[in-house]
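Both complexes below contain chain A, partnered by chain B and then by chain C.
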Partner chain A sequence: MEEKKQLTLILGVIGADVHAVGNRILEYAFTEAGFKVVNIGVMASQEEFINAAVETNADAILVSSLYGHGEIDCRGLREKAIEAGIGQIKMYVGGNLVVGKQDWLEVEKRFTNMGFDRAYPPGTMPQEAIDDIVRDFGFKERC
Partner chain B sequence: MELALLIDFGSTYTKVTAVDVAAAEVIATARGISTVETNILEGLGQALAEIKPHFGGVLPDFTHRLACSSAAGGLRMVAIGLVQELTVEAARQAALGAGARVLGVYAHQLTAGEIKQIDDGCPDIILLAGGTDGGNKETILHNARMLATSQCTATIIVAGNKSAADEVLQILEQAGKDVRVTANVLPELNKLNVEPARDTIRQTFLEKIVEAKGLRRAESYLQRILMPTPAAVLQAAKLLAMGNEEEKGWGDLLIVDIGGATTDVHSIAEGYPTKSGVTYKGLPEPYAKRTVEGDLGMRVSALSLLESIGSRKLAAISGQAEQAVTEYINTIHNRIELLPESEEQWKIDTAMAKAATDLAVERHSGTLETMWTPMGAVHVQHGKDLTEIPYLIGTGGVIVKHPNPKEILQGALYKPDQPTVLRPQKAKLMLDKEYILAAIGLLAEVRPTAALRLAKKYINPVI
Partner chain C sequence: MQSQNRKLDWEQFLKIREEALKSWPTGQEVDLAEAIAYQKQIPASRRFGQRLEEAKKEGITLAQPRAGVALVHEHIELLRFLVDEGGADLLPTTIDSYTRQNRYNEAQAGIEESRTVGRSMLNGFPAVNHGLTACREVTEAMKVPVQVRHGTPDARLLTEISLAGGFTAYEGGGISYNIPYAKEVPLERSIRDWQYVDRLVGYYEEQGVSINREPFGPLTGTLVPPCISHAVAIIEALLAAEQGVKSLTLGYGQCGNLLQDVAAVRSLEELADEYLERFGYKNVVITTVFHQWMGGFPQDESKAFGVISWGAATAAMAKATKVIVKTPHEALGIPTKEANAAGIRATKQLLNMLKDQPPLVNNEIITEKELIKIETRAILERLLEFGEGDIALGTVRGFQAGVIDVPFAPSRFNAGRLLPARDHNGAVRLLDFGNLPFGEDIKEVHREKIAQRGKLEGRDPSFQMVIDDIYAIGKGMLVGKPR
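Moving on to the complex of A and B:
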C-alpha cells in the first residue's frame, strides 16, 4: 500500500528572496513527476515551511534560495521541525545557496550538517532531484 | 399589501421593524425589553404594542414574520484546529462568519485541562478542524477522542481533513455526541473554504439552538428564527455589496457595529493588494469577513475598553480630564442603562466610540510590511487591503442615536502616523439611521430585491 502513496512535498523560496520564476518551474516539474506539490511561494519563512508540513502531513520539504543568503535563512530549520514533531521529515535545498565561488563540497557539507538530506548546486536540473526523492523514499520507479 | 415583521431578539432589547415590502418602506420600528429568561413573547408584545398605532390600533396580518437572535448569550462556539495560523484561524473565521461568539480557540492536541475548559465554557457548538484534505490525521483523531470524554452536550461540527472524517464521526458518535460532518475549512493549504461550515452552523442553530435557548416559544407567533443577529448583519452587508440579479449593489463596503459589549467589524471585499509590487502572505481571508472585539464595548465592556485604549488617550480625544474619564467609565460600567447627560459625558462617550472604532478597524484591516532585501525594498501584505473601499457604514445603538456620528466614524479612516495599516482612505461615511441592518438581512431571505432597495433607501450619508 505504501508503494502507491503519493508523496506530498512542501516547496518554497526561503527568506526575503523573491525569485518566483524558478519556483514556478519547480512546481511544474515536480507536479508532472507525480508528486503532490504544496507551493508556499516566495519569501517563505521557516515557520511557514514547518506549519505547511504539519498541516498537510508532508513527506519532504524542498527549500530554494537564489539570492546568496541561504545559509543564514536555513539555519535552525531542522531544529524547528524537531520541535514541531516532524523531525523525521526529509529536507532538500538548492539554488545559489552562498555568495561567491565557494567550493561546492564545502557548501554541501555545511548544509548537510544543518540537517538537510541533500543539497544541490546551481545549474541542477529538476530531474536530478526528482530521481533522488523517488530513490530516497524507496520507490523503484517514478511515483 | 405585503407586510413583513422583522424582529431582533437582542441581549437587552427586542427590536421590531415593520416593513411595506412592495414600497420598500419602513412603516414603524419599536423596541421592548428582552425577556428570554421568562417568556420571550412578553418583550415582543411590548414592542408590538408600540407599533400598533401605526396600523390604526390593530396589528395587521404580516405576510412574513422572521427573527434573528443574539439573546441568551448568543451562539456560543469553540473552534479547534491544528496549526494556529492555518486550520485554527480558518475554523475561527468560519465561526465568526456564522455569527458566533467565539469562547475559545485551541491548536494542536487537546489536553485534559483544555477539555475541562471547554466543558466549563459550555458552548453550543464545537467546530472541529485540523489537517488539509489528505494531510495530518493524527491530531484531529486525538482531539475527537478527547472530545469523546467531555461532558459537554454541544453539537460537534467536523470540518477537518476529509481522510479522517469517517473515523472522527465514528469516535464521536460512539460517545453519544451529536455530530455533523461538513467540508474541510482548509482543504488545501492556501484555500479557505468556510461556507459549508457556516451553513452547517446555521442549520444546527435552526434545529437545536433555538430550542435550547427558549426561543422556540416565539415561533408560535413567528414563522422562523432564522439566524444569530450578527449573521443577519453580515447577510445584509453581502446583499448590499453584491446586489442580486435584478439590482446592482454598492460594491465593497465596511460596517462598524459598536455595541455595549463588543465592537463588530464586517468587511465585504476581496482586499487584494491595490498597489503594484506588493506580495500577499498568509492565509487568504474570506470575502465576507467579520471580526469581534470583545474588549471594546460601550457599557458591559467599558472597563476593558478603558484598559485597551488608556485613559490618557481618551482624555486627549474628549478634551476632558483623565480623572473624569475614569470616573465616568466606572459609573456606566456599573449601571449599563445610563446614557450620557451633560456635555462632558457626551464628549467622553463620543471619545470611547471613536477610539473603539479606530482600534476595531485597525485590528480588522490588513497590514503592509516593508522588507529590505538584496534587491531593494519589498512590500508584503498580510490581511485585507481596505484602502480603496468606497463605503463605510456605521451601526449600533451608540452611533445611530448620536448627534455627530461623523466624528465617531472618522476614527476608522487612514492615519498618516500608521502608514502600514491598510484602513479605508477615502470611504464615504454612511449611517444605518433606523438601525435596520439586521432586519434587512432577514428580509433578504424571502425578498432580496426589496431588502436591497430598503438598504439603499435607509442607509444614508452622514452629514
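Moving on to the complex of A and C:
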C-alpha cells in the first residue's frame, strides 16, 4: 500500500461499551496491514468518530460494538457524517451488535439500512475486514 | 482529595448521600430506616450471605448465572426460568451498560424502545430508572437470593436503590469496577465512591442486616495472572472491611490450566484471611467465587458446553463457594433464557458429579500456590510502602507507577504495560512484567516457562503469541499455536 495512498482509518468502540481487548488487536492488525490507524478507543461517542474523521481527513470509519447496544448507539451516525460534510466516507461496523441471538441477515440489513457499507457478525477475524477494505478502495492486493 | 483507607464519618456520609440521591428522581424514594425495616423481614432463605456460608460449611459449590433485561415483568420471567428450568442456586440481576455509566436518560430511551419493539434493547436491567418498587417486585418474586451485578464506577445511587429494593448481595469495587469498566475515571474518585457503597453496607450490617459484598474478580477477563486479580481482591476486601462489611466473596476468573486455577482459588482465601487478620478486621466471613472462562468462546454450542463444563469441573475441584456460569451463546453476546438455563444445567451436572470427590491435592498445586502467594504479597507490600501503610493511598500511587497493572484494561489510569502469555502447560505467565515489583527469582520462573513454550513452537515469544492465546479457546485450543 506504500506506493499508493496510505488509507486512514478511524477505529473505536461506540457508546457506553468498554470492551478494550478486540480494539487493541484490531489496531495492531490494521497497522500491521499498512493502514494509518487513528484509534479513539472505547466508549466513543458518534461525535468523536465524526470529529476524528474530519480532523484526519480519514477514508473510513470502523465501529466496534460488543455489548448489545449497537443498534441504539449506531443509529444516526451516517446522518452526522453528512451534516459534517463527509457523507461519502466508508463505514464499517462489527461485533456482537444486538441483544440476543438473532438472524444475521436481518441484523446486517438493519445496519446497512442505517448507512453502513458493511457489517460483520460475531467472530469475524481482522483479516476479513482488511481484505474488504483493500478491495473497496480499489487496490488489487494488500501491500 | 487524597485517598485514605478510613471509615467514612457518618455526618459526611449523609452529606454525600443527599447529593447522590438527587442524581435521578427515583433516588427520592429511598428512606434508609424504612429500607432497613424492609430488609429485616426478608427470610433467611433469600439472604445471599447466609446461603454462601452454608455452602462453605457443606463444602459444595453453588451455581449462579448472569442475566438481566430491560423490562420488569420480562426480567422476573427470565429469573424464574433460570431457577425452574436451569436449577440456578443463586440469582443475579445484571445491570445494563447505560446505567453503569450513570447515563439514565439513555437507559430510559432503551426501556421505552424495548416496550415498543417487544424485545429487550438493553443488555441488562436498568434498576435506577425502574426504582425501588420494581426492584422489590423482582426480589419478592424469587425464592432464592438475588444479587446485583454490574460494572459501575460510581454506584452510589444504584446501591441505595438496590439495597432498599431487597437485593441481599452486591458486586463491585473501587478498582475492579473502574479499571476494567471506565476510561476516564480517576481511581481516587472511584475508591471514594465505593467507600460510600461499603459504608452503606456497613451501616445495614450495624443495624442487623447482612449484605454480601463481592469485589469483581476477573477484571478484564483476558489472561489476567492470578497475582494481579488477587492483589485487587485483597485491597478491595480491606477497603470494604474498614467500612464495616462482614460478608465478602472474593473472585477469580478461570485461566484454563487446572493446577493453576485450583491453586489460585485456594491461595485467594488464605491470603485474604492473612491480610484481614494483619489489619485487625475481625468476624469477616470470606467465601470464594470462580468465574467460568471470561475470554472469547467458540461459536459452536457443543464446543461452548465443553468450555463451560471445564469451568464447572475446576470450580468444584477447587471447592469454590460459587461458580458464575457462562452460556452456549457467549460468542454471540447476550444469551436467550433457554441458552442461559442450558449453561446452568451443564454446570450443575458437573458440580453434582464432583461434590463428593475429595479436593485435588498434589505437589504441583502446592508449588503453584506458593508462587501465587509470593507474587501477590510482593505487589501488596510495595503498595503498602507507597501508601506509607495506607492501602488506599498505596493503590492510587501504585497504579500510577505501574507496580500494579491490569492487562488490556481501558482505563488511562492503568499503566497497561503487562504482557501475559501462556506457558507450554497453558498456565498464564508474564512475558513482559512492566513495573511489577517482582524479584529476579520470580521473573526467572516466568521467563523459563515461556521460553520453553517458544522453543517447542519454534518462535520467539512476542505480541503475536499473546494474540494467538486470546483467540485460542474460541478456536478450540487452550494454548495459541503459531498460525
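Everything below uses one rule, namely that the second predicted complex is superposed on the first by the 139 of 143 C-alpha atoms of A that agree within 3 Å, B and C clash if a C-alpha of one lies under 4 Å from a C-alpha of the other, contacts with A are read in each partner's own complex, and residues count from 1 in each chain.
Please note the rule applied: a residue touches a chain if its C-beta (ideal position, glycine included) is under 8 Å from a C-beta of that chain, and two chains touch if they have at least 3 such contacts.
Everything numeric here is computed off the predicted structure, so don't read it as measured data.
Once the two complexes are overlaid on the shared chain, A:40 sits against chain B while remaining clear of chain C. Looking at the shared chain after the overlay, A:122 reaches chain C, while chain B stays out of its contact range. Contacts of A:71 after superposition: chain C is touched, whereas chain B is not reached. When the two structures are aligned on the shared chain, A:138 is found in touch with neither chain B nor chain C.
By the touch criterion defined above, A:98 lies against chain C but remains apart from chain B after alignment on the C-alpha atoms of chain A. After overlaying the two complexes on the shared chain, residue contacts for A:8 are found with chain B alone; chain C is out of touch. When the two structures are aligned on the shared chain, A:16 is found in touch with chain B and with chain C. Touching more residues of chain A than its counterpart among chain B and chain C is C. By the touch criterion defined above, A:51 lies against chain B but remains apart from chain C after alignment on the C-alpha atoms of chain A. Residues common to the contacts of chain A with chain B and with chain C across the two structures: 16-18, 42-43, 67-69.
On the chain C side of its complex with chain A, the touching residues are 96-98, 100-101, 103, 106, 109-110, 113, 119-123, 151, 180-183, 220, 222, 299, 329, 331-336, 339, 408-410, 463, 467, 470, 474. Those residues of chain B whose C-beta lies close enough to touch chain A in the complex are 82-83, 85-87, 131-132, 134-137, 186, 188-190, 279, 281, 371-375, 378, 380.
On chain A, the positions that touch chain C within their shared complex are 15-18, 20-21, 24-25, 28, 41-43, 66-69, 71-72, 96, 98-101, 122-123. Every residue of chain A that touches chain B in the complex is listed here, in rising order: 8, 16-18, 36, 38, 40, 42-43, 47, 51-52, 54-58, 67-69.
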